[in-house]
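As written, the chain order gives the labels A, B, C and D, with residue 1 at the start of each chain.
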Amino acid sequence: MARRASLSYWLHYNAIVLLAALIFIAMFAVYLILLPRGISTGIMVTAANKGVLLALVAAAQTFPVLTGGIDLSVGAIVIMTNCLASNYVNGNPLHIAEGCALTLICGLAGGAINALAVVVGRLQPIIATLASSTVFYGISLLFRPEPGGDVDDDFASFMTGAIGWIPISLIILCALLLLVWLPFRTSMIGRSIYAVGSAESAAYMSGIHVGRAKAASYILAGFFSAIAGLLLTLISESAQASMTNAGDLTLNSIAAVVIGGTSLFGGVGGLPGSILGAFILRTIGDLLFVLNAPALWQPLFQGVVLLVAVGLGALPLLRVRNRLEAFR
Amino acid sequence: MPWLAQWLRRHEPSFLIGCGCILLILFIGGIYNSHFLTLPYLLQQLQVASYLGIVAAGAMTVILLGHIDLSVPWTMTTSAMLATGLAGNFAHGILALPIALAIGAAIGLANGLGVAYVRIPSMIFTLGMNAVLQGLMVLYTGGSAPSSSATPLGIWLSNVHIIPGIANAVFCWVAVSAGMIILLRFTVLGRTIYAIGNRERAAYLCGLPVRGAILGAFMLAGIASAFAGLLLTGYAGKAYQGMGDSYLMPAIAAVVLGGTSIAGGHGTYKGTVMGTILIVVLQSVLAVMQMPDAGRQIIYGVIIFSMLMLYGRSPQNAR
Amino acid sequence: ETYAPKCFAPLNANTKTINFPAKKGPYKIGFANGFIGNGWRVQMLQTLRAYAETPEMKPQIKELRIVSVGTDVSAQIASMDNFINAGMDAIIVDANSPTAFKPVLRRAQQAGVLIVSFDNIFDGAEKYNNLIQVNQDQYAIGKLSAEWLLHNMKEKNKILEVRGVPGNSVDRDRHQGFRDALKEGGNPQVVEVVGNWDDGAGQKAVADALAVNGSFDGIYTQGGSIGVTHGLLDSHKPLVPIAGEGENGFRKLIASHSKEGLLGESIGQSPALVAVSLKAAVAALQGKPVPRKSGSRCLKPITRPSNPARIISRI
Amino acid sequence: METMPPLLELKGVTKHYGAVTALSEGNLVCRSHTIHAIMGENGAGKSTLIKIIAGVVSPSDGQIFLDGKPISFTGPTDAQKHGCVCVFQELSLVPDLTVAENIVMISPPRKFGLIDAKAQRREAEKLLALVGCEDIDTRARVKDLPLSRRQMIEIAKALSFKPRLLILDEATSALTAEDVGKVYALLRRLRQEGTCILYISHRMHEIRELADVCSVFANGRHIQTFRHGEHTEGEIVKMMIGREISHLFPSKPWRNFEDDKPALEARNLIWEPRLRNVSASVMPGEIFGLGGLDGQGQREFLLALFGCLVGVSGEILVDGMPTYFRSPANAKKQPNALALIPEDRKSEGLMLKMSVAENLTAATLMQCRNGLFVSRTKEREAVENIVHRMQIKAIPDLPVETLSGGNQQKVVIGRWLLANPNILLLNDPTRGIDIGTKQEIYRLLRELADNGTTIVFYSTDYDELIGLCDRVAIFYAGQIIRTLKDGDITEEAIVANALNVTQAEEAQAL
C-alpha cells in the first residue's frame, strides 16, 4: 500500500517529465526508423554531441529558473568559456587539464558575477544577466578577436567520440546527473533553491539562506555553461566570439527548460526534464533531415513544433476545474 | 529656481538619477568631441530613439502585466515586410499603415490568446511565435520577390521634417507616448493591466476583465512593434529580414532602466521614455568613440550595471 | 587543365587542383545551410533548387537534401555528420564559422565524402584532399574597395569605415584588405564604426559619425549599404564616394542620386555561388580536376559607362 | 521564581517603517512556564513586536534581553538557534515542497551530508503526531492541502526547533474547533515543560481558556501587563480600542422567511469530490451561515456560486431565474450583482503594491468612469465615502501593503460594498480581525441584510455563526447535512453536526 502511494505521488509530481520523455522517445524513434542507412555509432555520437551541448546549457539555465529567476547570460558564458578554452586546451595532458580547469574557473567566475549582481546588488535577474551578457561578450572578444583556435586534436576526437556504442558526451552528461544533480537534489542547498523559488518570503521566514541559495544557482549556471563551452570547444576545435550564437543558445535553453516542465515561476521542475527538453529541441532538426522537409518550410516547421511542444506543457491547465488555479 | 526644486521633488529618485546619467553621458561625450552637445546631434538621437521608444512603449504594457514579449523582432519585420510588399505605391502607399497595424494586432492577438487562454508562459510562447513568424517570412520572400522598398507614407512618417530639424518620427513617438499615458493612467484597461501585474488572481476575483486585458496588452504591444517597423522602413528606405533584431533587448532594458518592475504591476511611462533615451545616447556615444569592440561591449554592460545599482534595485527585505 | 576554367578560376597561382576519385552518378548531395533568415539566403536556396532542376544537373543528382540549422555551429557540424552518416556523396556547406569544421572535415575525409564550401570560407583547409572552396576572396573585396575609394575621393584625408559583425572572419578579412590597401595609398585617417551588416544599424552609425565628425571624404561599408547611403543622404553633408556591398537597392539608390554627384561602388557576393558549388561538386565527383579554391578571378569589375555606380559582379 | 531573570525582556523597542511608527517603546517581560497573551486591535503593532522577537525585522531602537543578557538577532535562523520560534500570521510554508520537507526545512536529518529522506519523514511524522495530526501524509505537497492543515503543519514545524519561547501569531485563526482543541492541549503540555508561549489572538474565548498573563497594546504602545483575571473582559476591550463593546452582535430581527421567494437558490450542485449534491435556498435579506469543519466544501460552494469553478453540474437560480456564471466578471453584473469576499486577502484579495484607493475601486471601475476614461473625481468620491463608512485607517494614496491585517480586510470588504451587491458571499471575512472591527463588520452585514441584501457567510468561528446568522447550513464531506434555524443554532448542535455525530449515532441505533 505504502509503495503504491509513493509511486502515485511520484507519477503525480513527475507527469510533465514523463510526458517529455515520451515525446522524445517517439521523436527519436521516428528519426531512427527513417534513417536512410540505419543506426550506427556515428549517428548516435552526432545526436549525442549536439544534444548534450544544448542539454548542458539548459541544465545551466535550470538552476536560476528554479529559484524563480532567469539567466540570460548562459549563452554568453558558453561563448566566453569557448573562446578561452580555444586558446588553452592543448599541449601535453597536464596542459590540457589545466586548460579545462581554467575554463571551468572562468565559467564559475562568470556565474559569480551574476550572483553578486543578483544577491548583493539586488538586481532583477533578467536585466542583470542581460547586462552581464554584454560584458561576457566583450571578454570573449578579448579572448578571441577573430575566429580560430588551437585545440588538441586527439583529446577533442576522443571526447567527442564513443566508447563502443556509447558516446562519451552522453557518459559525461550522465555522470553530471549522478554526481551533481542527485546529491544536489538531496542537499540542503538544493532544498533551499527549491524553497526560494517556490516562496521566497516563506523561505526567508523559515530561516533559509535566500541569498546563498540564489548565489549558488547562478554559480552552478556558470559551471554548467562552462562545461558546455568546453564541449563546444571540443566539438569545433575552435571558437568564434558571436553574440548571435550566444543569444540563440540562451533562448533555446529557456525553451528546453520549459518543455522539460520546469516552471518559469520557480520551485517546480528539475534537471532531467531540461535535458529531455534539450534533446527534444535538437531532434526537431534531425526529423527535418530524415523527412527531407522542403528547405523554405523548415524554419516554419521548427517554430510550429516548438509552439506545439510548449503547448503540450500547458495541457494540465486545460484540466483546471477551479479557474482560480489558472491565475497567479 | 523654485520650479526646478519643485520639478525635482515631483519625481522619484530613480527617474532623476536616470536623467542625471543621460546628462553625464552627453557631458563625457562632449569632452571627447564637442559635437555631442550640438542641437542637430541631439535631435538626431531623438529620431533614432523614437523607433526604440515606440517598441519600448509596447514592451512596457506587456511587462507591466508581468509578462514579456520576445516576438518583437519578427513582429516588426513581418509587419514592415508585408506592409511594404502589399501596399506598394498605391495612393502613396497609404495602405501601409493600416496593413502594418492590422498585422501587428493580429500577431498580438495570437500572442494574447496563447498567454491568456492557453496559459503558456509568455516568455516561451512569444519566443515560439517569433520563430513561426520568421518561418512565414522565409516562405513569403522565397515564393516571390516582393517589393520591399519603403512606401512614401512610411518615409513621410519617419524621415520627413514638417518642423525643420525634427523628423516626423519624433512626433509619432510623442503621439504614442500621449496614448500610453492616457492608457496607463486614465483607462480601465490601464488600471486592469497594473492590477494583473500585481496579483492576477485578485484582479480576476474583482471581476476585472483579466483575459481581455492580457489580450489587449499584447495586441497593443504588437501594434507598437508593427508601427515601429513601419517607421523603420521609412528610415532605412526598405523593409528587410532581421530589421527588428536589434530592438528586442534594448527595449526591455529601456523599460527596466526606466524603473518598471520586470515582475509587473509597477512602473511609470515617463521612466520608459527616460530609459529609451538613455540607451540610445549611450549606444551612440560608444559607437562613435574609437575603441576596440571588446571595450565597447564591456563598457556598455558595466554602465548599465552601475546605473541599475544606483537605482534599479529591488526593495530591500523587511530588515 | 582544370574543368570549366572560365568559371572555376583558381584563386591564385599556388592553388592546387583536386582530383577526387570518380564515382558513378547520379549522386546524393546534401546541403548544410546555417542561417536562413535573410533575403540573400532565401534567394540562394531558391537558386540551388532551381539549378538542380536544370536539364544539365537533373540527371546527375539522385537526391538533394537541404537542412538549415540556424546560427549554431554545433548544430551545423551535426548536420554535416548526419549527411556523412547517411552516405551522401558530397556535402555543400555555407559555414557558420571559418574554423569550427576541422573535426567534421576529418571525418568526411575518412568517409570519402566531398565537401564544397562557399560564401564563408574555411581557414587552413589545405590539408584536406576532399575540400573544394568556391569563394570570393574577402580580402580582395576590401582591397578593391579601398583602391576604388582612393581613386575616386577628391580629398584623401578622412575615411569612414563601417564594419560588420565583430568576431566574424568575413569582417576580419575585408577590414584587413581595406586597411592594407589604404596603407599603401597614403594612409589617410580612418574612423571606424560598427554597422553589423545591417541597414538600420549602419544608418544609425553613419548618422552619428557624420554628426560628430562633420564630414568624411569617402565611406566604405561592408554591408547594409542602403542604410549607410541613406545616412549620408539624410545628413545633408557633401556627397562622397561610397564603396558598398552588392545589394540591388544600393545600386538603384546610387543611380537615382547620380545627378547630385553621388558615386558608388558595389561589390557583391552573389547567391548564385551555390550553383557554382553544386556544379563543382558534381564535376569533382565525376573525377574532373577542379581547383581547390576558386572564384576570385571571376571577380571582374564591370563598369557601365551609363551608370555612375561601378558594379562589380562575380560569376 | 520572580527574582530569576525573565526568559526574554524587551525594553523600549521601537520600529519605524518610513514615516509610520509601527511600534514605539514596546516593553514586554516573558517568563517560562507561562502562556502570555498579547492583545490589541488591528495595527496595534503586535505582529511587528513578534517579528522583532523572531529576528525577522530588526528594531529601530530599544533593547532585547535573553536570560538577562542583551542580545540582537541577525535573522530568523539566529533567533531560532536561541530558542525563539514563531508561527507566523502570514504562513511561512513553502508550497512546492512536501510536508516532510517543510517541517524539517532547516535542519533535516542527514546521511553523508545529504538529506536522508526516510529519516526526514519519520521525524516529520513524529512532530505531526505531537500536534495530533497523524492523518497528514508527509509526502503530499503543501500547496495541495487546505489552509487549516497547513496551519497545523506550521505548528509542527515550529516544534522541530525545540523552542523555549514559542510565538503563535493568530495561528489558530484558520483552525477548526477540533484542531483548536488539539492545539490547546499541546500548549498546556509545553507550558508544563517550561516553555514560554506568546499567544496572539483576537478571540476572547481562546484567551479566557489559555492565558496566564496578558499584555495589551494599542497604537503601537504597550498599555499594561496583568495576570489573567485581574481585569474583566470589558475592561480589556476598552484598553484595546478605547471604548466599550456592549453588544458584539447586532440583534437579529424576527422575520419569517418561509413565505418569501428565495433570492439565491442552488439545486443539486455537484463538483466532485468537493461538492456532492448541495442544495440550498437563501431568502432576500437573510444572513445564511455556512458551518462545519474546514474544508468540507464550503469554500467550493461559494466559488461555484461566483462562477469560478469549471464543470459544476446542477442549477443556480437567482431571483428564481436559472443562471450560469462564466466568471466573477459575469457574476457581478447587474441585475444579479453577486460579490465574493475571498478567503486569503494576500493572495486573492489585494493588489498589494497598488494604492488603497485603486484597490477599493477595483471591482467598480466601470461605474467610476466617464466614457472610456476612469474619472478621478468619481473615484475619489467613492473612496472617501467607503473609507469613512468603514472607518478604514489609511491614506488612500499609500500602497495597501502598508496597512495592518484588519484594515487590509476592510479594504477587501469595502471594495465590494461599493458595488452595492444584491448577493454577498463571504468566505471567512473576520479572520485576523480585532474585536472592534468585527463588531463593525457584523453591524454592517446586518444593516445590509435589513436593506434586502442576501448574505451567504462562511465562518470558522462558531460564535459568529451563532450570533449573526439567521440560518446555518452545516457541511460535511461536500454535502449539507443539516440546516439549523433560530433557536437550534447552538454550539452543541453545530459541533455535533460538523463531526457528523448525530448521523453516526442514528446509524448505530439502526
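Convention: a contact is a pair of C-beta atoms (placed from the backbone, for glycine too) under 8 Å apart; a residue touches a chain by one contact, two chains touch by 3 or more.
Quick caveat: nothing in here was measured; it's all calculated off a predicted structure.
Q: Remove chain D hypothetically, without shifting anything else, and describe the chain groups still held together by touching.
A: one piece
Q: Starting at chain C, how many touching-chain steps does it take at least to reach chain D?
A: Tracing touching chains, the least step count from chain C to chain D comes to 2.
Q: A-D or A-B: which has the larger count of contacting C-beta pairs?
A: Looking at contacts between chains, A-B has the larger number.
Q: I'd like to verify one number: the distance from the centre of chain B to the centre of chain D, where each centre is the average of its C-alpha atoms, in whole angstrom.
A: 44
Q: Just give me the whole-number Å value for how far the CA centre of chain A lies from that of chain B.
A: Going by mean C-alpha positions, chain A sits 30 Å from chain B.
Q: What is the distance in Å between the mean C-alpha positions of chain B and chain C?
A: Here chain B and chain C have centroids separated by 34 Å.
Q: Which chain B residues touch at least two other chains?
A: 134, 138, 142, 199, 201, 203-205, 293, 296
Q: Two or more other chains touching the same residue: where does that happen in chain A?
A: 140-141, 145, 204, 296, 298-299, 323-324
Q: Chain D: which residues touch two or more other chains?
A: Residues 56, 75, 308, 327, 348 of chain D touch two or more partner chains.
Q: Can you identify all of the chain pairs that touch?
A: Pairs satisfying the touch definition: A-B, A-C, A-D, B-C, B-D.
Q: In their shared complex, at which residues does chain A touch chain C?
A: Residues in contact with chain C: 35-37, 40, 42-43, 45-47, 49-50, 53, 140-141, 144-149, 153, 156-157, 160, 232, 235-245, 248-249, 252, 282, 285-286, 288-289, 292, 294-296, 298-299.
Q: Tell me, which parts of chain D touch chain B in their complex?
A: Per the stated touch rule, the residues are 51, 56-58, 75, 306, 308, 327-332, 340, 342, 347-354, 358, 362-363, 365-366, 369, 372-374, 415.
Q: Hey, which residues of chain C end up touching chain A in the complex?
A: Touch list, chain C to chain A: 31, 33, 36-37, 42, 45-46, 48-49, 65-75, 77-79, 81-82, 84-87, 96-103, 106-107, 123, 165-169, 172.
Q: In their complex, what parts of chain B are in touch with chain C?
A: Within the complex, chain B contacts chain C at residues 33, 35-36, 38, 40-41, 44, 48, 134, 137-138, 141-142, 145, 148-149, 159, 232, 235-238, 240-243, 245-246, 284, 287-288, 290, 293, 296.
Q: What residues on chain A touch chain D, complex-wise?
A: 5-6, 9, 13, 183, 186-188, 191, 194-195, 197-199, 201-209, 267-268, 320-324
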